[in-house]
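Two complexes, one shared chain (chain A), two partners (chain B, chain C).
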Partner chain A sequence: MLTDLYIPGDSLLHRARPAWKLAILFLYCTALFVVTHPVVLTLGLLLVALGYGAAGLSPRDAFTAIRPALFVLVIIFAAQLWLAGLSMAVYVTLRLMALLLAAALVTYTTRASEFTEGIMALLSRAPAWVPKDKIALAMSLVWRFIPLIRAQFDEVREAQRARGLERNMLALLVPLVVRTLKTADEVAEAITARSLD
Partner chain B sequence: MSMHFDRVSVTKGTREILSEITLELTESRIGVIGNNGSGKSTFLRLFNGLEKPTSGMVRFSDTEDDLRRHVGFMFQNPDNQIVYPLVEEDLAFGLKSRKLPKAEVAARIERVLSDLSLTHLKGRLTHQLSGGEKQMVALAGVLVTEPEMIVFDEPTTLLDLRNKMQFMRVLATLPQPAVVVSHDLDLLAGFDRVLHIAEGGIYADGPPEEVIPAYRKLCEDLGGC
Partner chain C sequence: MTTRDITLIALFAALTAVMAVFPPIALPILPVPITAQSLGVMLAGGVLGAKRGGLAILLLLVLVAIGLPLLSGGRGGLSVFFGPTAGFLLGWLVAAFVIGWMTEKYWDGLSFVSATLICVVGGIGVLYAIGIPGISLMAGVPISKAFMGSVTFIPGDIVKALVAAAVMVTVKKSYPIIGQAA
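Coming up: the complex of A and B.
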């Protein structure tokens, strides 16, 4: 979910209206939480797998989507195992995975500009003092810069590994924070230069 | 069309980066050279108002308008001027505040991409492009807004030979005046005028055949550039 928020394609899911996708995602999540039954969960997992297939996404894309959360999933699994037993632990973990996969399916198939347009449409009734353009721009910047910051992190880690410092938190964080701040400055400047307001 | 600098100084903290620069720039291709840290980027940023002079005045032609309306800027690092995740979306960004009809936006993007032979990148994710591809997309992002003048801060640092040639061809055919900061002295060979910035001012000013060899000589023979 962190490396690629959008994967270009031309499937039905790619072409569907973002508002519909979000509405279905909402229903999907609610259903999985409200109806606690293995059959519903199985159906839910099946549905999400079908969705990935229909969107032309690979199992690797699916794994990429849950990889950042693996650590949390393991902790939840362990806690449930200890508190409620094996079957509950499996159930809860799988359900969380289904939700993550479904959310990623929506971001995988929706362009940032579609999201921002959707948000703009939702905000069209908001009062005039709400900075609609700025909110939309901030949203698209998140889309653009999560991968960039992640790439910077990988670069810094590689450079520090070459110097034998990969276990030193400070050696990783200081350059990353400095670069991120500098990036933010330059980006703000570029936005000023590229837009007229 | 011209750019006027009237006794322009820029001070950062206690350091005077540029001091009392007076220039009238009317040529269509102007190169800027000088050592690292000599103030070239600062000078360029004055052109579109990203940098405000501490004293003095910068003016575009005879207007009193905001400089940004007239001057497009291409930055040193393309990573930081590409705002949207998709190439196509990013090119549309610069046009957003201009309230153009959708069809006109799409047509302009098509045209610029095909002029730069970049049509194949249209649907790609910007963060996955190579450094040189990003630099070309950044260039497209500037061209698509059709500014009256364009300033470039080291536009070819990441380009391979093919893209550098492509850039030079594009530069040669641009209808608007261009100011280019570059350490790649060959790039500036056919220009109308070259400014050498040093010691906070215009150290040399003239045609490239004079200014560039003098700069080379200064560095090579005397180590004093």
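Coming up: the complex of A and C.
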């Protein structure tokens, strides 16, 4: 099943509205990029640390947020060290970490369903030329399709393993893509047959 | 946009998400394993065309942004859009659109060679043209240095362009989508 990166909790951050959290995140990032001063960065890092504390998240959660980018961060640190010296390297790397941590904080404290509800609420107020029904249909279909295609992929992989082709990219992809296209026809027919068009 | 178009968009968003768990291609000469996910970007454009392909990738990115770990390595959430490689995600969107547009334009005589060229121009040229300035901006390094850091990924992307082209040509023969009245 599909699970989001939400970490349950009952803090102020968990209860705040997603739109507010997004607005604050954008303000935060803009501030860090517009004002390049060590004091601002220190304040920013403190603010993020406070946020993690307030949301009841552990340092391990913070590390999980940075880990995927760790490799790139090390390269950037090395490049800056070589190009501009130690202080600049530390500054740039810490700023990137602050951004990653702040963005992850919003993701950790907001359910995917809350964002979806927010998007749907926005859509209901959108002007007439926006194809709201179609956007809503696509959003709800994709939730169902990801487990479906994952199951189809497992089937294709099993079949190709029997042929000794499970590491052959083409032998995996072509059947999967053609199956996907067939599924599209079947699902579209089913939707049309129920007059949802 | 018919219901079938919407279904195709949702299915290719899902397909690209599932490609994150494909077995990575290991090339003996490369230090970095190649994940199959950007192949999904090439295929979205190359199989569905510009508009549907671009929208499929947009839909995937929306799902990632609202907190689903659908990118390779289980990455997801807002932080991928605020990290140093955020430009490449935006680049995916444009790359899918450009590949789709070129595939539609050269659809009638589409061969393995022309499909490979389309994937290289869109999936490498356009993608890096957006991704590298992104690294440069986020990391404060000159564009030339950001380019040097990205060069190691190009051989893998060429392999992906070849695979994507082979799939595009096969699908054109067996289950064409673009040629039909959209």
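The rule is short, and it goes like this: the second predicted complex is superposed on the first by the 120 of 197 C-alpha atoms of A that agree within 3 Å, B and C clash if a C-alpha of one lies under 4 Å from a C-alpha of the other, contacts with A are read in each partner's own complex, and residues count from 1 in each chain.
One rule holds in what follows: contacts are C-beta pairs under 8 Å (C-beta built on N, C-alpha and C of every residue); 3 or more make two chains touch, one makes a residue touch a chain.
The shown structure was predicted, so the numbers you read here are calculated from the model rather than taken from an experiment.
In the superposition on chain A, A:180 makes contact with chain C only, while chain B stays out of contact range.
By the touch criterion defined above, A:148 reaches both chain B and chain C. Looking at the superposition, the partner that touches the larger set of chain A residues, chain B or chain C, turns out to be C.
Of the two partner chains, chain C is the only one touched by A:167; chain B is not. When the shared chain is aligned, chain B and chain C each come close enough to touch A:111.
Contacts of A:138 after superposition on the shared chain: chain C is touched, whereas chain B is not.
Applying the stated contact rule after C-alpha superposition, one finds that A:68 touches chain C and leaves chain B untouched. In the superposition on chain A, A:25 makes contact with chain C only, while chain B stays out of contact range.
Within chain A, the residues touched by chain B in the first complex and by chain C in the second are 4-6, 111-112, 137, 141, 148, 183, 187, 191-192, 196-197.
Partner chain B is touched in their complex by these residues of chain A: 4-6, 8, 111-113, 137, 140-141, 143-144, 147-148, 151, 183, 186-187, 189-197. Residues 1-4, 6-15, 17-18, 21-23, 25, 36, 39, 43, 47, 55, 59, 62-63, 65-70, 73, 75-85, 135, 138-142, 145, 149, 163, 166-167, 170-171, 174-175, 177 of chain C touch chain A in their complex. Considering their complex, residues 2-6, 25, 29, 65, 68-69, 72-73, 75-76, 79-80, 83-84, 88, 92, 96, 99-104, 106-108, 110-112, 115-116, 119, 131, 134, 137-139, 141-142, 145-146, 148-150, 153, 166-167, 169-170, 172-174, 176-178, 180-185, 187-188, 191-192, 196-197 of chain A touch chain C. Listing the residues of chain B that touch chain A in their complex gives 48, 50, 68-69, 72-73, 75, 77, 79-86, 89, 92-94, 96-98, 123-127, 141-142, 145.
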